[in-house]
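The following pair of complexes shares a single chain, chain A, combined with chain B in the former and chain C in the latter.
The block that comes next holds the complex of A and B.
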């Protein structure tokens, strides 16, 4: 007999490392024509950090996105970055990028202020122009200012950014601590169908809602959520996960031993992005990487309970475990 | 050694191979065509997928001599900068590639599907991709892209 059920799981997840030393640096260089090099060593593994960090630099500098080139190909000579892990790059490298862009912008403002007969504090930058707040007709082109700064005033228009959160340890007297840079939130609802004759579980649908702070690039956020949902289906139903600390030998060596979801195993996924901006991330962003793989499995397990009335407390939920649990229930 | 004659992406080649050489080894090591990727080498992941006379095969478990006299199409022959295939444009538009390692194989599997079935359903697309593994995307945007490319063709 086939039985259906619905389950919900919620979660929270920190961004970056809380023990200290979680550092990223950025250098923003404005070239004589007003185009921008954003120099980093934060690595893009397909999640799209080159896109997101270029967006952050462009937004802060007031130049169009396509004027920013991201240079991140040499981790030896480039500014420091601790790496692409811990859902940290948009947040940590994004903060460094924003700070670097702000410093470069201040150099441009100091030169534009003379031209516009205004104080640098009264200037803003947008759409490739620097203009006086409240009087957008009083403006100069960023390219013209960058050219004059470089060849007229012999300046190098470079901004530096370095984000590294102070490590947090509990206060011995009160126990009070501030361990997380920011927290993102998840709610995932799964609908499953359980075949009580074979023990097979099919995930019919996943609804994935995440508070990601400001979604700097919603399409890329969706990509993270959908990819994590796929991994979550694998963790729930197929993949025997092992700790990766030494000296455990990973027993599976081929995709024949270690089955991961195919396109036919991942259901239709509905993604909801909820934006509650963080107070300390770049433009309110939080981290949305690892957590997307966490909530689907408990939601699927809860849905199985809803369908057949048994809790399976060990992943993956194989047909054998389902049948044994049904047998034990009687 | 045996002499293998084949066409790859419209160009004729003649190469010396052993009886055990795979099509993937010929493409990558003898011809320098690296779009097809070396993934599992057991025929499970599909990163090496190419078309042989229009049919989808896994180059890592295809004996090279079995393609003697045949035509092979790899992702390099699908489109080029400035003249991308509608599937490649749709993958770009829909953010269907993250790390990109599975993408050449996904594109070839999608082409094989649309050549045979130009207006597939979503489930038919998923079935056609079931021999190609992706760990980044959850397949959602890959299916979206193929559905969009199929719409554009109509």
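The block that comes next holds the complex of A and C.
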């Protein structure tokens, strides 16, 4: 018999390396036509940090997204970054990028201020132009200012940014510590169908709500949510690296032994993004990278309980465990 | 603040190149004259190396260099500093690297590995962390099977008074949970290409998620300053934490320096699944004290992490777990113990979610069981306990930008769940009553 159920799980996730002390640096260089090189060594592992960091640089400098190049491939030219882990790059490298872009922008503002007969503090940059706050008709083209700065005033238009949270070691007695930059929040509902004859569980739907502070790129946030949901299905129902007591006699050595979800196993996913800006991230951003793989598994296990009335306390929930639990329940 | 670019669904910077197969990943970099690498790995999960004779391997036609630990300037490395580039006297997991060979082609490299004469005295291993914690268990490492946090065998978090908390509870809900070991299964396996340059420098094409960490380790292992080593990377075919530990860069670098030739080490998928880092399993015991109106007043947790044979990021992972295992709820009394236990498996390390993944799993299992025990809607239970602005975690961190209530309200809207008026009206900025 096929039975359906729904289950809820929520969660939180810390942004940045636990305990702090993790650095990211960025250099922003403006070319004579106003194009921008963002230089760093933050690694794009598929999550799309090149896109997000280019957006942050473009926003701060007031240039279009497609005028920003991201150069993140070389430790000779790129400044320090601790790396892509701990859901930290959008936040930490994003803060460094924003600071670097601001410093480069100040060089441009100091030149534009003369042209516009205004003080640099009264200027803003957007859409490729520098203009007087409240009087957008008084504007100059960023490309023209960059050219004049370079060839007229012999400036190097470069900005630097470095973000590093103060390290916080836990108190050995109580564990008191300030271990993260900010927290992001999650709520996920799973809907499953359980075949009580075979023990098979099919995840029909995962509905996902995440607070990401600020979705710098909602498309990429949705990508993280959907990818994490798929990984959650694998953890809940399929993947098991050491299924037996001896990992020597029974290792998982191919994807025939270590079964991961395919497109056929990924359910319908609906997503809603909530934005509660962080007080310290770039434009309020928080980290979304890792947390999306966490709440799906307990939500799926709760949905199985809702469907057939048994709790299964060991992951993954294989058909064997479902049938044994049903048998024990009687 | 009006935003023009941030918040926009702009196209991925490198999306078209990725889907068109045009992005150049490390294994796509072809340098003429590149040697290939194969490794001799321990056939047993625990043992003492009695002898190793590589002389026959060195004579295989096409073999250019064979290396053992004696050829490594600094043989210790890793996040915990306790790993061996190449094993010395002992092996602690099946697959631990003992010797490597660089050859003109894979056949020669494999034949050379075959011809290495290794004598190992096999010792009794331990695989289950719960067994490894028992007195008298086989020792994974001479100093013992439990990582020491200073003088303590576990990370402790103490907030309020958990025993007083349990006294205030109307019901106690206990649970034991197992989160299995998992593999990242990233698309791109470990691979590294090290190219000696005419200037005397070394260029390493890396899949690292953390280029500067790998640069630091490689420089330490080969004994060169950072000015002599350049890492090229930054675009990686998936990581999920698999590529925070250095797997191939240091070996390719050592062999490139020894031979003066470009060297590429490309792991097979089987090697990746069997011998690279993974998410160690977790055994977790929870005891929660709850009032009959659904307030959590005490939570006690004991968590044990299977760390494999070396420290790597495990101590960090356990810390991260302990700091937030009380979950997204304000609980006035919390007691946590987290253990990082060595076993004769490959070193476990980082994987997407670190210690928060098992914490969320077990903690949310508890919440659903508590709701059932109270006969309360699981949504209501979570709204009642969700962190509010300005409240404190168990590590005494005061929170801002708190939004669990609003995130749950957003989910309710998405799934069409009709929340009762008092939950609809609830906000994270409201001060908790009582």
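Please note the rule applied: the second predicted complex is superposed on the first by the 309 of 330 C-alpha atoms of A that agree within 3 Å, B and C clash if a C-alpha of one lies under 4 Å from a C-alpha of the other, contacts with A are read in each partner's own complex, and residues count from 1 in each chain.
Going forward, contacts are C-beta pairs under 8 Å (C-beta built on N, C-alpha and C of every residue); 3 or more make two chains touch, one makes a residue touch a chain.
Please read all numbers here as calculations on a predicted model, not as lab measurements.
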Which superposed partner A:226 touches (first chain B, second chain C, both, neither): first
Touching partner for A:72 - first (chain B), second (chain C), both, neither: second
First, second, both or neither for A:179, with chain B first and chain C second: second
Chain B versus chain C as contact partner of A:46, first or second or both or neither: both
First (chain B), second (chain C), both or neither touched by A:90: neither
Partner chain in contact with A:254 - chain B first, chain C second, else both or neither: both
Chain B versus chain C as contact partner of A:15, first or second or both or neither: neither
Comparison of chain B and chain C by chain A residues contacted: C
A:241 touches, of chain B and chain C: first, second, both or neither? second
Touched partner set for A:139, first chain B, second chain C, both or neither: neither
Footprint overlap on chain A, where chain B in one structure and chain C in the other make contact: 45-46, 48, 219-220, 228, 231, 254-255, 260
Residue ranges of chain B touching chain A (in the complex, touch as defined): 40, 42, 44-45, 95, 97-100, 122, 125-127, 129-143
Complex contacts: residues of chain A adjacent to chain C: 7-14, 18-19, 41-46, 48, 50-51, 54-56, 58-59, 62, 64-65, 70, 72-76, 78, 80-86, 126-127, 170, 172-180, 182-183, 185-189, 207-211, 213-220, 228, 231, 234-235, 239-242, 245-248, 251-255, 257-258, 260, 270-272, 274, 276-279, 283-284, 286, 289-291, 293-295, 297-299, 301-302, 305, 311, 313-316
Sites on chain C touched by chain A in the complex: 1-15, 44-45, 94, 125, 127-128, 149-152, 155-159, 175-183, 185, 208-213, 215, 226, 229-241, 243-244, 269-270, 273-274, 278-279, 281, 316, 319-320, 322-324, 327-328, 336, 345, 350, 352-354, 356-357, 360-365, 367-369, 372, 378-379, 382, 386-387, 394-397, 399-404, 406-408, 410-411, 413-415, 417, 428
Residues of chain A that touch chain B when the two form their complex: 45-48, 219-220, 222-223, 226-231, 254-256, 260, 262-264, 266, 268-269
